[in-house]
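In what follows, subunit A forms one complex with subunit B and a second complex with subunit C.
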Partner chain A sequence: MSEISYAAPAEIDHYRQRALVIGVVALVLCAASAAIIKDRIFFSYLVGFVFWTGVALGSLAIAMLHQLSGGNWGVVIRRLLESATKTFPLLAILFLPVVAGLLFGDLYEWAHIEKVTGKEREILEHKKFYLNTLFFLGRAAFYFIVWISLTYLFNKWSREQDETGDRRLQRKLQILSGPGIVLYGLTVTFSSIDWVMSLDPEWFSTIFGVLFMGGQGLSALALIIALLVLLSKHEPLASKVKPAHLHDLGKLMLAFVMLWAYFNFSQFLIIWAGNLPEEIPWYIRRLQGSWKWVGLMLVVFHFALPFFLLLSRDLKRNARRLITVALLVVFMRFIDVIWLIAPEFQEKDFTARKLGIVMDFVALIGVGGIWMWFFLSRLKERPILPLHDPNWEDAES
Partner chain B sequence: MSTKDIETQEYIPDHLLDEPTITPVIRPGHTFGTVTDKISAIALTRKTPRGWYIGFAIAFALAMMLFYSLAQLVLVGTGIWGLNVPVAWGFAIINLVWWIGIGHAGTLISAILLLLRQNWRTSINRFAEAMTLFAVACAGIFPVFHTGRPWLAYWLFPYPNTMKMWPNFRSPLMWDVFAISTYASVSALFWFIGLIPDFATLRDRARSRSGQVIYGMLAMGWRGSARHWHRYETAYLLLAGLATPLVLSVHTVISFDFTIGITPGWHATIFPPYFVAGAIYAGFAMVLILAIPIRKFYGLEDFITMRHLRNMAKIMLATGLIVGYGYMMEAFFGWYSANQYEGFMIRNRMTGPYAPFYWALIFCNIIAPQILWSRRMRNSVPVLFITALIVSVGMWLERFVIVVTSLHRDYLPSSWGMYRGSFWDWSTFIGTIGLFVALLFLFLRFLPMISIFEMRTILPQAEVKEAKE
Partner chain C sequence: MKEEPSPIYGLMAEFDNPTEIVAAAHRAYEEGYRNMDAFTPFPIEELSEAIGFHHNRLPLIVLIGGIVGCLGGYLLQYWVAVIEYPLNIGGRPFHSWPAFIPITFETTVLVAALSAVFGMLALNGLPRPHHPVFNVPNFKLASRDHFFLCIESKDPKFDRKQTRQFLEGLGGKVSDVELS
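Up next is the complex of A and B:
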């Protein structure tokens, strides 16, 4: 087999340019809307940023898990996962508008402690050691350094593995992946606290980081399954991706759907049953008014529907049906991230509230377009299939 | 060079260590016949070793101590335990959680690893499942006797009755009744169904009349026909599917016993996944504690190879890290919550009267197992055995710390108190260990401790040769 035949399909270029145009247009729209909805735009942007960072992080975690566990399900998506992890430098730049929201906007209440009074002020004073602008930025820098270094090493050894096929590289990748997953867990936990939980600086939930890990894994997996199905219309994937691969990936997606529901239900039941004044307001905001329909939608379309659909063996082995479910899950991941972030905007500006929801989607498309452009450019650089993955022969049979 | 030599030699290149050709699931040289002979001989023909009698006698004596302690409890009342306000949940709940947790590894090995097609599970699943059953039996003793009137335990079930009383469905203790009884039934069913083809093997090989009759009845008319096998495989997979959510749900419900209330130190949203990870952690530690002496004593190193021990060590390391993550989140949010009761609870755990227990648990569960990062240590049987023992102790301490430190100093300093287990607490706890070991000894003697027919399927002989011509 010649390596040329494993090159990524030329159609990628087509998708790539389209993604860039859509992304730029959407982001320009976001910037323009700031004239009407003011600070609300920062919340929308945060939705987009958090979702796409989650895709990259989820891909990193799944790629490292695959190194540790083996299994042929990972071979066909390995290059897609790796390309997704190469987007961290871009995401670091895309973080800058969030910083702007922190410094100049009203995104994080704790950053403007002088405006807060009463009991709330006391709580913020207590948390000042952790929730202050400088430490927040320092931590963000630290997260990005960890993610960029991990993915740099991972992709470097992976490239060498492609070129040389040296079995020792496999071992190196495994040695990196063990501690890598530990680092992933810690950085995701604290970044989720920083970027999302601290939108309501009084609220806390110890499962929050785990919730994020489950959500990121699901976002990444669903998106990558959708991309794999799309790309497998073309060679070389067309002859390599077999129903058995889709079956395994579908099962994995089912597992993540269940995990996501399990973490969320645990958090909800415990906080609902406890009904404590410092915990329950977070849910009250999300379960009263129109948000309660969004919450219900999550239960039905983020859990129940994909769960029952993915139980079917035939569905998992059928590319067209599987991609439909995967796209549904991606869309519901959008909704979930919006549901986590947007209700924290509490000003009584109703135009901003209503238009803000629209802008949440525009920002998701905007950040997503740029991300996708960058991601596809990385994907093009290397063969679309890992030549010397030790699970390779297994996967072919 | 035989595989044995390779495995015991000083240096194996790292990247080759997990190659199936270097460390297979079964050492090469075995055939269908030798596997069947070797495993069934333990239950059938071999003379009972003297060590078995000694071990069983000790375990049986401890089990008798358990029954004596329970009789005392029924005669005198729960007052003989060290329980009192403010610590009204003591050893009973600690031991319940500890034992139930141990059971989880059995279910994980038998159900989840089966669904994940991890065929190395085959040589350990049978006795891990037996361990699950016996552990659940030990666990069940505590809540039932904690009620003080175990003969009325059936009141826990919702059934129409003349008292017009219903259990409180909003109480997680009620959910426990369902979760644990479901768990016990599914585990028993799973175990028994897995045993049927092996019972038939024992029936066919038994020389004594009583053996033939008893194993014959247990085999339920198994003839090994293709139709039997077809139904059998379907039933087994379905049961595995049923048992899989139980691995998560049972300990999740156990964690709700704590979290649904608002006691600081119990009311934490991380508890469900962290309890599940802790359960699997403790369970794998117990499987190692049992597997290492058993394989040595019965000479089963061919079947329970270093590969099994290493894989279990890896699972222990991973789940241990999740447990460590749980502790870290508790400590961080104790401070971050800015809630004075949460903050006090975590400070009291770390520096209060029970601080030595807390730090011992950190050592046992977090620090000591980090040794398993090293490949060399994972390859050393004594290290694995000692680490597993330490983890077992650590997981007991964890439950002690969670239960006792949260209760002994509550919102009102005037009602603070201290707790320690009484003599009867300890005799009951140690007694359940005796019961557990005694049951295990009986299992090892009379039933095939390794699944004979599943072992046959992973032999090279079972691989269907492809037509090459």
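Up next is the complex of A and C:
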């Protein structure tokens, strides 16, 4: 086992620099577009931030899940997941433009309660205990502290496991992962309420946090499958990634596709059946006008198409076909996050509305480029395969 | 006086570790044998590929079952709620498709699962009280710690003498699989 070098392939450097350049250019474009679309750019930026935070969080959840459940499938993606969880310090910095949108822009209506009148004002006054600037920032700081501490410990013990192979570290990682998943569930629920649901402060849905968990797991898994297939063109992954691994990961992706559809449909069915005036505006905004087509696109390309394709055993075992489906899912995750956030921009400025959609994609690429650069830099620091993971089925080979 | 040998089901080679049987299966496949089967105490993924894992029709049966369950469940509700016994529930349309989805999902799973079970039974011929492979003296060890590779006599390349020599050359202990 020791003769083979498990160092990450050198090609990563190439991808890394390219990602940084693309990211910076796209973010500069975003900043420049603020001159035309004004406050709408904060919504676009929020789309980018929420998506990439979701990838890091989904990776954290899957990494902890793998510690608890075991299994050969997780060994080949473990280092990719761990590197993704190391991006929380960067994401904390990338949160600052959202804070700017809160303080100086019109991103969150509840933060500028003095501009609101009538019945709405009354509701916002009532919710002021939770929805106020100071508490919002305090909560955000708390989420990042939890995520950074969790991932710091997780990666520290994982690194020690690589270096020493001490069996007790496995136990430590498991003991951290159990409560870690509970903390993940709570922080994701509250952060999704704070950052996305409160865009419409009058609307509420109790399944919202769970909907994010399903989405984050899917974003992370699809992206990591795509990266794994790309990296497995090079050694050492080329000889270690077997069709059986891709098969398992494909099955998991199918499960997440169904989970996402299940959560989203649950929310829709309950609100549709209840038909209450305080609940339905959220769907009316998203299922009327042009957004209706986006909603339909989600049903077809985020659920139906990947669902039917991933049923096939041959597709899941074929790297080229699997990466095509994974990239489709990543793209549809973009669309889903846009669909969740962008319709909340309700000003009558049509240039901002139209150009805003374009900027949503630019922001996704911008935040994504920076995130990818940081992620690949972390990935390069350590062997690309976990040396002493007890889940190696062929540990002796 | 030479006795004409009675027809047999096939020849069974016995191995005592998984590596050997996988290697033997590969060799047999290269040699051109196709009608063979392997019996092991635990699943060995390489082995099913080595003996030329073939697709069977079960996934298709399950898919068709699922589609039938899906359409059947939906149409049943449509027929009840729209045609046969329309009720006005809170002013909602008779054809309230979102409310139909959970039941449609359930009937899809139900019919797909039933077709999986019964399709499997139909394709593999179970339940079956006896099979010739059980005539091999040591065969009960297949569920303990021995590994068996059987080349069936219906294989076009099967020749009682040559196949036996071939299997013995692979290092297995070979015995006839009597038909009864």
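Here is the rule we go by: the second predicted complex is superposed on the first by the 391 of 397 C-alpha atoms of A that agree within 3 Å, B and C clash if a C-alpha of one lies under 4 Å from a C-alpha of the other, contacts with A are read in each partner's own complex, and residues count from 1 in each chain.
To be clear about the criterion, a residue touches a chain if its C-beta (ideal position, glycine included) is under 8 Å from a C-beta of that chain, and two chains touch if they have at least 3 such contacts.
Note that the structure is a prediction, hence the values are computed from the model and not measured.
Once subunit A is used to superpose the two complexes, subunit B occupies space that clashes with subunit C.
Within the superposed three-chain model, A:Leu228 lies out of touch with both subunit B and subunit C [touch as defined at top].
Of the two partner chains placed by the overlay, subunit B and subunit C both lie in contact with A:Ala273.
Judged by the touch definition given at the top, the superposed model places A:Thr189 against subunit B, while subunit C stays out of reach.
By the document's definition of touching, of the two partners only subunit B reaches A:Thr206; subunit C does not. In the superposed pair of complexes, A:Arg313 makes contact with subunit C only, with no contact to subunit B.
Number of subunit A residues touched is higher for B, counting subunit B against subunit C.
Of the two partner chains, subunit B is the only one that A:Phe263 touches; subunit C does not reach it.
Of the two partner chains, neither subunit B nor subunit C is touched by A:Val294.
Within the superposed three-chain model, A:Ala244 lies in touch with subunit C and out of touch with subunit B [touch as defined at top]. Judged by the document's definition of touching, subunit A residues 269, 273 lie at the interface with subunit B and also at the interface with subunit C.
For subunit A in complex with subunit B, the residues that touch the partner chain are 122-123, 126-127, 130, 167-168, 170-171, 178, 182, 185, 189, 193, 202, 204-210, 262-263, 266-267, 269-271, 273-274, 276, 278. Residue ranges on subunit A touching subunit C, taken from their complex, read 244, 265, 268-269, 272-273, 275, 311, 313.
Across the interface of their complex, subunit A is touched by residues 45, 59, 63, 90, 92, 98-99, 101-102 of subunit C.
Considering their complex, residues 14-16, 248, 252, 256, 259-262, 267-273, 321, 325-326, 329-330, 333, 336-339, 373 of subunit B touch subunit A.
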